[in-house]
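Shared between the two complexes below is subunit A, which pairs with subunit B and subunit C, respectively.
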Partner chain A sequence: MRGGALLAALAAVAALAAAPPLLGEYRTTLLLPVFGYGVALLGLNLLFGYGGLVSFGHAMFVAAGAYAAAVVTGVWRIESFEAVLLAAAAAGLALALPVGALCARYTKIFFGMLTLAFGMLFHSFLFKFYGLTGGDQGMRVRRPTLLGLEFEELDKTAFLVGPYYWYCLAVAALLALLMWRIVRSPFGLALRAQRDNPRKAEYLGVEVRRTRFVAFLVSAAFGAVGGAMLAVPTGLADPELAYWTHSGTLVFMTLLGGFAHFAGPLLGALAYVLLQDWLMSLTPYWRLLLGAVLALIVLACPQGLMGLPALLRARLAARRRRAAAPHPAPAE
Partner chain B sequence: MRTTRRELLAGAAAAAAPLGAALPLPAYAQARPLRVGILAPRAGVAGTVGEVGLKGVEFAVEKLNAAGGVAGRRVELVIEEETNPRETVERARRLALQERVDVIQGVVSSGVSLALGPALEESRILTVFWDGTTQDGVNETMPRPRWVFRSTDNECEAVMGSLMAIKHFRGQFLTVAGINPDYSYGRNNWAAFLALLRRFNIEHRVVTEQWPRVGGMDLTANVAALKAANPDLVFSSLLFADLPVFMRQAHAAGLLEGRKWVFPAAGFQHTALKKEFTPPGMVFGHNTLYFADPQATPLAREFVQWYHERTRDWPHWEADRAFFAMEVWRRGVEKAVQAKGGGAWPSNAEIAEAIRGIEVVSLGGPGRMRPDGVAEQTFIQGLTVHDPRYDFPILGPDRITRMDGRQLQKGPGQDFWRWIAEARFDL
Partner chain C sequence: MAALIEVLAAGLFHAAVLFLVAAGLQLVFGVQRILNLACGSFYALGAYLGVTAGGLALGAGLSPLLALPLLVLAGAAVAALGPPVERLLRLVYDRDESFQLLLTFALVLMFQDLIRMGWGSQPQQVEGVYLAYGQVQLGAARIPVWNLLVLAAAIAIAGGLGLFLQRTDFGRILRATAENRRMAASLGVDTGRVYAAVFTLGTALGGIGGALVVPAAAAVPEKAVELVVEAFAVVVIGGLGSMPGALAGAAIVGLLRAGALLVWPELELLAVYAVVVAVLLLRPAGLFGRPAA
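Moving on to the complex of A and B:
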C-alpha cells in the first residue's frame, strides 16, 4: 500500500473509531449497515470493478450470511460472533460453488441474467420452505457474544453503539486490508487482465474461467460476512434480503461510490445509507429522489463520488486550456 | 350551511371531552409536548393501508389536543415510513434515539413486526403495534414482552369468517377451494378455515388450493384453476390491491355465479370492490371497523364523516387499529400519572405497566389490552347486499355479526392450533 493511501486509510479508521461519542447513538447505529454493506460491496466490486462482471444476484450471498447468523445463534444456540462470521463465510462459499461454476462460464448480460436467476431461485427457496427458513417471516438472529464477552449489562442500543460498533469496524478494516492484498496480488492482476482482454490474457497463461470462479467465491464469502454483520442490528434474517431489488441496491451503492476505485464501494455504502436516511426523513417520495440521483451519477459522473475530484480537475483544466488558447482570427 | 373554524373547534372539543375529562389529572401544561412516533407503510402493496391508519392517528391527535392533550401535555406526531424489516428497524431507532419520541405506534406487516418487536423490546422502547401479528414466530420471538404491545392476532378474522361460513352456508356446500396470498397469513387463514370445518364436523372436500403472490396483478391462471375445480364454496383472504383485480377477472370468467364466497379480510378493499363485479350474499369481513355500522358510537360516526370529508372515501379497519393504539397509550399515561399523584411524570416502564389490562372504546367498539400485552378488539362481519347509496356492496343491516376478541383469539400462552381444536365457539 502506498504511503499516502495507507495514511488515509489509517486516518479514516481512527476517525471512525473515535466517532461514536461525537455522533451520538442514532448516527452511530447508521454506520453499522455501512460496515456490513462495505464488506459486501468490496466483494461485489472484486467481480464488478476488477473482473468486469456485473452481478444482479449478489444479494443472495448477503441473505445467506444473514440466515447463517440466524441458524448459528437461533437454532444451534452458539452465541459467538466469531463462529457466526465463519459460518456465514462457509455458507456463502457453499452457495457460490455451484452457482459460480455455472456463472463463471459467461460474461456481460449473460452473467448478469444468470446471477439474477440464481438470486431469485434462492429468494424463492427462502420464501417457500417455511419449515426450514420461516418463509416470509424469516428467522430471528439473536444477540451474539463478542470475543466470548456477553455484555449483559448493556441494552441492545448500548451494545450496538459500543462493542458491536468497534468490532464491526475492526472486521471491516481487516477485510478491506485483505481485499487490498487480493487485488494487488498476481491473482488481482490476472482478474483485471481477463476483464480488459480475455483472449490475450489466455495467450499469456491466465486461466480465465478459473480466475473468474475464484473471484466469484471470494466475492460470495465477503457478501455473506457482510450479511451476517447486517443481520445482528436488525435481529432478523428475512427473504427480502435476497430479492432482486436488494441486488440492485448493491450495484447502485457501488456505482454511487465509484467501481473503478478500491475505496469506491466503501464510500458508496456510506453515501447511500446517509442519503437514504436523509431522504426518508424528508419526504415520502424518497424512492423517486434516489432514482434521480442514480440517473444523475450515470449521466454526469460515471466514475462515482470517488471519481468526482478527477472529473472536476479535468473540466477545470479543459476550461483553462480553452481560455488560454488564442482566438482564431475572423475569416476574411 | 358552512361551519366556521371556531365552531368546528368548539364542537371537536365538546366531542373529545370524554377522552380527556374522565379523570381528574394534574396539569403538565407547561411541559414539552408528548412525541408519538408513527411507523406506517406509505408506498407499495400496503401503502393505502398505511395512509388510512395515518388518518386514524390524525383524528385521534386532533381530538386529544382539542381536549387539552394527554394529562395536560399536547401530542405531536413524528411519522416515518415502514418498509422492509432492516430499514424499519433503523427508522424506529431514529424515532427513539434522534427524535426522542415517548412512544412508537404503527406497523402493518408481520414480517416487519417480527424484526421490530424484539429490537424494540431489547432496547426498552415503549411500542404499541397497530397490526402485523400473524401467528408463526410471534410467541417465540417475544415470549413475555414488557415494552412492546401487540395487536390482536391476524387470524381472528379468518376464525370469524369460518364461523360465519358455517353459520350461514352449512349444508349448502360440499366442495371447497381456497385462494389465499402466498405467505404465512394466507396459509394460516386457510388452515384455520379447514380446521374449523373439521371441528364442526362439516363434510367437505378440498378441490383446489391457489396461492397467488402477494400483490400479484395477473390472477387469470388462478381464476381458470378455480373454474376448472368448480367448488361450491371459495374461501379467500386476499386483502391488498390484488383482491379487486381477482374479483374483476373472476367476474369476467363467470366464476362468481352459483357459489358461496367467504372473504374474511376484504374490508381493506371494500370501496374498490364495485357492485358490477362483487355479488351480494358474500361473507365479508370488516375486521375491527365497519364504516356504516348501525350500532356505531357517535365518535365513530364523527370519524367516518371526518374521513369522508377529507378523502371522499370511506375508512377501513386500519384507522381503528391506529385509534385503538393511541387510546390505550393515552389511558395508560393518564393512569400512570394519576398513580404518581401529581408528582413527577411517570417513567415509560410505569406507563407500560399501566397499559396492561386497560379497557377502551375504540372506533369499532370496545376492546382491551390484555395483561400479557396482546390487544383484544371487537370484530364485525356479515353478508353483503347491494345498496343504492353506494357503488360497492355493504353489509345487510340485519345480517351483521359482532364478536368480541375473546371469542376469536387464543388465550395468554396458548398455542393457536391447539386452541382451535379445543375452544368453545358460539355460532
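Moving on to the complex of A and C:
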C-alpha cells in the first residue's frame, strides 16, 4: 500500500513535469494555480480532514501570502522567490499566532464562525487601508528570480510556463512530502484522535488545544506559501483573495477532491481549476453550474472524487445483492 | 450636530433592514439548526423583485406614496422560494454542520448567477420614491421620511413576530419544535410542516428587507454575499437563534457602522468584525443567547 502510494505520487509528479510541452502554453498557464491551491489546500485539509475543523476564513492566509509576495518584491525590492516563500510563511504564521490561539478554543460551528469573522476582519483591513495595502487596487507582485536566476531572456509567459512551472511543481511536491510526514507523525495521530473523540484523546495525554493550535499554525503557513505561489502568475495581491466567498471556494475545492484522503486536496485543486475553466468557456453563468456541482457533491458524494470509486463499488455491490435475492423477505 | 443626527438616522435605517434579514436567519437557525448563508440571496432577490415591481407600478402611474406596501408585497413574494429550498435542505438536516453550511454556500453561488441572468449586472434602483414622502427637519438635520417609514415597518414586523411567536398556537408549536423536535413530533406536531413554514417565513423576511432598500440604494448582485456576512455579524453579536438578540445586534451593527463612518471611515467594517470577534471570544453564546450546556 505504502509502495503503491509512493509509486502513484512519483507517477503524478513525473506526468506533471512532462506536461508543459505536450499541453502547450495556454493549458500550462491553466495548471499554474493548481500548485498554489494544492499547497494551500493541503494546509486547509490538515484542519478539515485530519482535525475535523472547517475554517471559513482560510483565504486570509492565502491573501497574507500574496501580500507578503507583493511587499517583498515590490516594496523591499528583494527578487529571490525563496525569500518570498519564506516571508509568506512567516506572514502566515504571524497572522495565525493570535488568530489560531483564539480559534483553537472552539470547534464546529463556532470555529467556522470565528474564522469567518477573522477573515472578514483581515479583508476589511486590506480593503480600507489604502496607504498600506493599496485598497481595492491591491498591490503589484513583481517577477521574482528562481534560485538566483533571472531568466532575463524569457518573456512573462515563457517564464511562467517554463522555469516557474517546474519550480512550483517542485515546491508543491516537497511540501506535500512534508505534509505527508506531518500527518503520519505522532502529532498527526493526536490531531485525528482529538477529532474523533476529544475527551478520550485528553485522557490519553493529548493536549487537545495545543494540538489544534499547532495544526492551525502549520495550516496557515501552507496557506500563505500557496498564496505567494498564486500571486506571481497574476502579478497582483488584491483584497478579494481574503473575501469569505474565496474561503468557501477553498473548502469546496477540498471537498471536491475528497477531504478524507491525503491526496484529496491536490486532486481537488486540479479538478476545480479544470472544471471552472471548462464551465467558464461554456457560459457566463458558470457560478450557477459550479454551485450545482457543489450541491451534488454535498448530497450524493461527500467523500469527493477520491471517494467516488468506493461509492460506485458499494452501489454495485448493493445492486448485485438485490439481483441475487429477487424476493427479499418482507420487513418486519 | 446635524451631521450626527443624519448619520444616526442612516444607521438606524440600515439596522432596520439588517434586522429583517437577521430575523429570518434566526428563525431558521432556531428551529432547523442551519446557518443559512443563502439569506443574503433572498435579500438580493427581494431587492430585484422590488425594482421590477416598483418600476412597473410607477410606470403605470401608481402614486409613489403607495410604494411602501407595494415593495413589502414584492419582497414577500420571495417566500415562493421557501418551500422548494427547504425541501432541498431537508436532505442534510442530520448531516454535519459543515456540510449544511456548504450546501447553503452552493445556493449562494447559484442564486448569484440566477439574479444576473434575470436582471443583469448593472446597479438598479426604484427612482422617484425615496424623497416622495418628503423629509423631516430636525434642527439643521434633514431625514428622509422613507427612512423613518422603513424603521417603523421593521419595528412593526418585529412586534408582530414577537406576538406571533409568544401568543399564537402556531408560535407555541414552533417554539416547542425548536426546543425539542422529537418531543414535539411525539406530541403530534407535523415537524416537517413547521420546518417548511419557518423557512418560508424566514425567506419572506429577507426578501422584504431587500425590497425596502431599493428606493434608497441601488441593487447589485454582489449585495447578496456582502449582506450575509453582516447579517451573520448581527446574529453572532445578538446570540444565535434569539429574536431579541437579532434586534439588539442589528442596532449595534447599524449604529457602529454609521458611527465609524463619522469618526474614522476606514474602520467602518473593521469595527463590526472586531465586535463580532470580541463577542465570540468573551461570550460565545452572544448577548441574548443561552450558553450551550
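Everything below uses one rule, namely that the second predicted complex is superposed on the first by the 325 of 332 C-alpha atoms of A that agree within 3 Å, B and C clash if a C-alpha of one lies under 4 Å from a C-alpha of the other, contacts with A are read in each partner's own complex, and residues count from 1 in each chain.
Note that contacts are C-beta pairs under 8 Å (C-beta built on N, C-alpha and C of every residue); 3 or more make two chains touch, one makes a residue touch a chain.
Note that the coordinates shown come from a computational prediction; the quantities given were computed from them, not determined experimentally.
After superposition onto subunit A, partners subunit B and subunit C are found to clash with each other.
Touch criterion met: A:137 reaches subunit B, while subunit C stays clear of it. Within the superposed three-chain model, A:277 lies in touch with subunit B and out of touch with subunit C [touch as defined at top]. Contact with subunit C, but none with subunit B, is seen for A:106 once the two complexes are overlaid on the shared chain.
In the superposed model, A:121 lies in contact with subunit C only, and not with subunit B. In the superposition on chain A, contact is made by A:291 with subunit C only, not with subunit B. Within the superposed three-chain model, A:26 lies in touch with subunit B and out of touch with subunit C [touch as defined at top].
In the superposed pair of complexes, A:166 makes contact with neither subunit B nor subunit C.
Of the two partner chains, subunit B is the only one that A:236 touches; subunit C does not reach it. Looking at subunit A, you'll find residues 127, 284, 286-287 touch subunit B in one structure and subunit C in the other. Taken together, the subunit A residues at the contact with subunit B in this complex read 24-27, 29-30, 33, 127, 130, 134-138, 140, 143, 155-157, 230, 233-236, 238, 240-241, 276-277, 280-281, 284, 286-287. Note for the complex: subunit A touches subunit C at residues 48, 54, 56, 102, 105-106, 108-110, 112-114, 116-118, 120-121, 124-125, 127-129, 243-245, 248, 251-252, 255, 284-288, 290-292, 294-295, 298-299, 302. Residues 35, 37, 88, 91-92, 95, 97-99, 101-103, 105-110, 112-114, 116-117, 225, 229, 232-233, 236, 265-270, 273-274, 276-277, 280-281, 284 of subunit C touch subunit A in their complex. Against subunit A, in their complex, subunit B makes its touches with residues 42-43, 80-81, 84-87, 89-91, 93-94, 96-98, 110-111, 114-115, 118-119, 122-124, 134, 136-137, 140-141, 182-184, 187.
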